[in-house]
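Both complexes below contain chain A, partnered by chain B and then by chain C.
Here is the complex of A and B:
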């Protein structure tokens, strides 16, 4: 039984309907996003399930999973703070902001806080160069922008997540 | 020159994102006119005559691209490139967020012009909320009878679907974007054939940028000569300039093509932070050559024909401003790191070259290199250029080679700061490099 289809059957049908009948392979990326909704990453069973839905091998699905930066294959923080420190943002203080944020969170880019609430990442340009420092938050349900940030405003956000109960929220 | 809001009309007309306001301001009249009174070819001709050129970076004439569609192979597709990922570019996002109906009407008119019944908007995965917003607006258009089957009693039907990427700069390259939309790795195809003959699912496809298509409704509503009221003969119309970097007022400014760098940076951008001296301009984002910001450059009109005179391209007009506080070794370390991360890995010169360039730029920036490393960097860059399937390889080298050529002092200073390199060696090898 296809577990993914069992959990998200109707939504999967809507996704498949976006593409021509003989081109269901196109659904692989939206289906990977669906698979990440449960706990923020794609597991081996998901690869099998997606492969079955679109008629491709799980290896094929895994290649797509590995190619794109917004797909994840292991559990990490509930919220991923993805700070842009690319050239335009860095010209407006993003590197200093990121350093300070690291100090405040007690982790470096690529690491997760002990309570499992935050994974911090340094990422490439997010098309918000005039509103640096900025980051996006990727959680299990999608991506949201946070612009014109200070370390204080970011830490307030982090504290609000912690107040929600961290991993069990 | 004064700002002229053709794409950023929301700055002039409040609530233009609402259906009734958009319609009161001429919205969808072009759409109705096209379907009821114009042949698809006539729409293409109007756009061709307007002189509109692709706003994604290449500046290719839009109407001409549409004319390349293979009429013997069906179905046809329109795919909108909303993958906006060039460092320094943030215009398409504002257009889609704030003037979504005009953008969608542009997609609709383009689809009609090339005979597509199904069109896709490929958005970068980070535009997650925006994609869901556009889905809602598309549903609204279907409800209003502006999208769907047998529109306005004609035989023409059209559906538009969004598709989210998942974080890959390379998918802004049109053939990589098509591969990604087909569910494959986002890697560029060998060209030719080009998308108008072999595009999405192997069918003729027009791939256009968001800003390009947002201009189309006004061209059809008011005619091609209306659009030529702005800009120059070869660069007609307005352009949304994304201004970023060391300026007081960064942001999007929609100005006629041919406006000078000086006007943009000093009049609109408010000048340089702390009133420092401007040092360099990158007019096409991280892919850009470094323009030395002297008086000649500052007074150069920003259009497709004049920017090459100061050694760069207009590209997507993402103007990154560099001031005297910035050292070029730091800057190219940033851009090279970006391209190393974003290289898709298909072509060896780009995959390996960006890796090795990044090793060297890191070393130079850390002050652990001598002048020979700078020469090595030039050498690696030269060996990438012109040897890859898509432009990413070339893009990775532009800032590197032009920064070293045009700002050698920054690199000499770094090489000198490394005790291992004698001043004499720096001077001799610099002379050789010259």
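Here is the complex of A and C:
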């Protein structure tokens, strides 16, 4: 019945074991991570499944999903390049870097490349102002920082993802 | 030490709340400890403006609209004495910043100022911030005219904005949260009243916030969208025009509406309502009903109502209404005729039938109607029946809840037993008020064969099999007083286990005990033994004859209790009664439409030339189509009358719109028939009918329209001038009604018989049991198109195990063979339905009055 539980039963049991029986709703965040890892976003069925596991409505789960910017509710690129262009980063050329990167990728912030490998996003402070231009990459498994970037170094990274065929994301 | 002990003693002797005295806007007020400033101010008529605060919900302090200056007396740290000003008054220290009046609790000597420049400026600023992302579309907004944001902006807000118009926040304006409620995301000011109401008050968290900051928006992920019986209430408490009902949006402006007080008759709660009407060109200059709103009655519905009551009013102004009396002519067709001719014929035939008259009345009628109908029947010596399959009206009259009862009084130390009821489906407001009592600390015992929405609130849950309702109650009684005679197998079986013993202990130790029984899976016979058992339990534990103690029957119709009180009884075999009739007088009931076997009986009456069938109705029902005479009547929105609710509170409803020309109220039609039988009944003024009831029915001796119309001060204080505080629920200016005294409260000791306890019926195959769904397909519900997608389909509900055994897929079409009829129905599968049983929702197309063997074929 519960697809999420069927696929990740053991892991979910381990997560639930961390919380007291009457506070199962606290497990919502780790369960959302589990769902995210599956295909990079949380679909409507996942919301219902998580709701069922923790005894809350799917609307409740959706409001938590919506609150956090690193949870996603629709499928996009396998790698999300999240470039910080807040003021300190902009002073170190982040804006120009982002523009050039856009030209090289052929997409604007918020868009996804045609091959589905990269989604480009402009984000707020990532706490690495001194190493700008910088971005963080979010893939299905988590986030990683890439600092002191040039468009060339970034494109190399993108090409390496493309070479992998974007598989084991 | 001694002093402390003395204080404790005093506190025990006076369990009254401690009062705190403070000054708000130079007015001194004493309020109970723990009151928040906004409420304290309201008590003395000072309005501190609010958006997110609502007196029926916990404060959250989100909107900052209620900022006020708060000062507290200064005490000398060394002596503990108050520091005084030169003039001898206590020195007050004001806070460095403004405080939110909705979260700060009162304290002794506090001084609150809500009129200073600083406060007025703060209000102006909060409003300015809200308006930066709020559209100025008041001229086309449904809330315009009763909008807190509009009113408060007019009073405190800035005349112009300092922000750039082009940079204004824009969002989707017509977002359906399901087909009933629409959201305008631009108008939403994120006060979270709606989400908190759905979560905290009615336990349906189907709407919530998503995103954050300026992108914060209301979402729903339920299927169907905004899946709740309570959704309409969010539009009342929404302080802007963000939430509107599909029924009313773009329908009228609030200031064009006239308000008439009414009482809902869809269920036995008797919610107080206000009918908003408007005379409009698009309806040919007629006065039409635009919306139904809750009207405050803290004894009954507080300030809420369910969506069925709110939306299922369209039948009253349906095109299909009957407008002329009709008689069957020589060629066998119904033909319009005059009232004189129709009534003369009816009276003549009734006289001829004499004690062969069988009257069947539906309990959506008022007391006045039922009384006059009963009097006509009694005059001829006929049988006066009411159309119900629930028994116990006379028990409620004897051991019902005492005069002065209010479910809101139940809390810690009290107990509530709910047996055989899916309470939210049967009577939504009772579900809400029992849930709230449980949250206040009352011990809740729920006995039902399956989980219902109330189960999650139960302290003790008792399971029994369908058919063992009375046994379950007797098992409780048996655990309290072991001398209970005639124990059946079922009682013995149910008495085992710790849960029933603990529940019995809780009940026997309770200060107050209220028992509610419904009709989950019961027929007339089981309902009678269940009612007996409940009464036994109440009497044995001494919980009768006083306020907040006694029996409540969750009736299947709005005025079933009134019908019992007026002397109409249920029929044990309606088909036989109808067959035996020489003349049948069917009022507000449609046996032929409800049940194929009854249709046969009615046809037999019709086909027999000797027999005579009169149907008095709003619509040309299946029964009316077979009648010799059809008499049209007024809808309850077109006339006055009273209903008696399940707590025996008698309440008046008033006319809201004019009746069709030449159509009269049921009591008047009955009185006109009576006149021709030389029986004088009141036919013009319902208050006069009530006077006659008071003379005839001893329980109603004290009831009068004047007393029912008396109002009381209620808390929270809501009124149309300050919709920001409580929402757009109407103030009650038309009366709280009168609660009758049960016989046991009048000193009469109740004459009780021990309940006839049956064991669960044993069948080889499946057993079909009737259950109630709020959104059924009754003739008063179906004409409301808005609800059409939510009405329960013609369906049966199976347990997953039985469905698997029969290889039935969810929602598949199946054939239901029941009581000699075959019906196509949708098969629903629900976990929690006990194996071996098939739930058959009432009034959705499959007739079932009591548990019966059933065959389901894929």
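Simple rule for what comes next: the second predicted complex is superposed on the first by the 164 of 169 C-alpha atoms of A that agree within 3 Å, B and C clash if a C-alpha of one lies under 4 Å from a C-alpha of the other, contacts with A are read in each partner's own complex, and residues count from 1 in each chain.
Throughout what follows, a residue touches a chain if its C-beta (ideal position, glycine included) is under 8 Å from a C-beta of that chain, and two chains touch if they have at least 3 such contacts.
Because the structure is a prediction, the values reported are computed rather than measured.
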| item | value |
| --- | --- |
| Which superposed partner A:67 touches (first chain B, second chain C, both, neither) | both |
| When both partners are placed on the shared chain, which of chain B and chain C touches more of chain A | B |
| Which superposed partner A:57 touches (first chain B, second chain C, both, neither) | second |
| Touching partner for A:86 - first (chain B), second (chain C), both, neither | first |
| Touching partner for A:47 - first (chain B), second (chain C), both, neither | second |
| Residues of chain A that lie at the interface with chain B and also at the interface with chain C | 56, 63, 67 |
| Chain A-facing residues of chain C, complex | 204-212, 219-222 |
| Touching residues on chain B, where the partner in the complex is chain A | 84-90, 92-93, 118, 124-129, 161, 163-169, 180-186, 201, 242-246, 250-252, 286, 318, 320, 322, 326, 331, 334-335, 338, 341-342, 344 |
| Chain A residues touching chain B - in the complex, by the definition given at the top | 18-20, 23, 25-30, 32-33, 54, 56, 63-64, 67-71, 86-88, 90-92, 123-130, 136, 142-145 |
| Footprint of chain C on chain A - complex, ascending | 44, 47-48, 56-63, 65-67 |
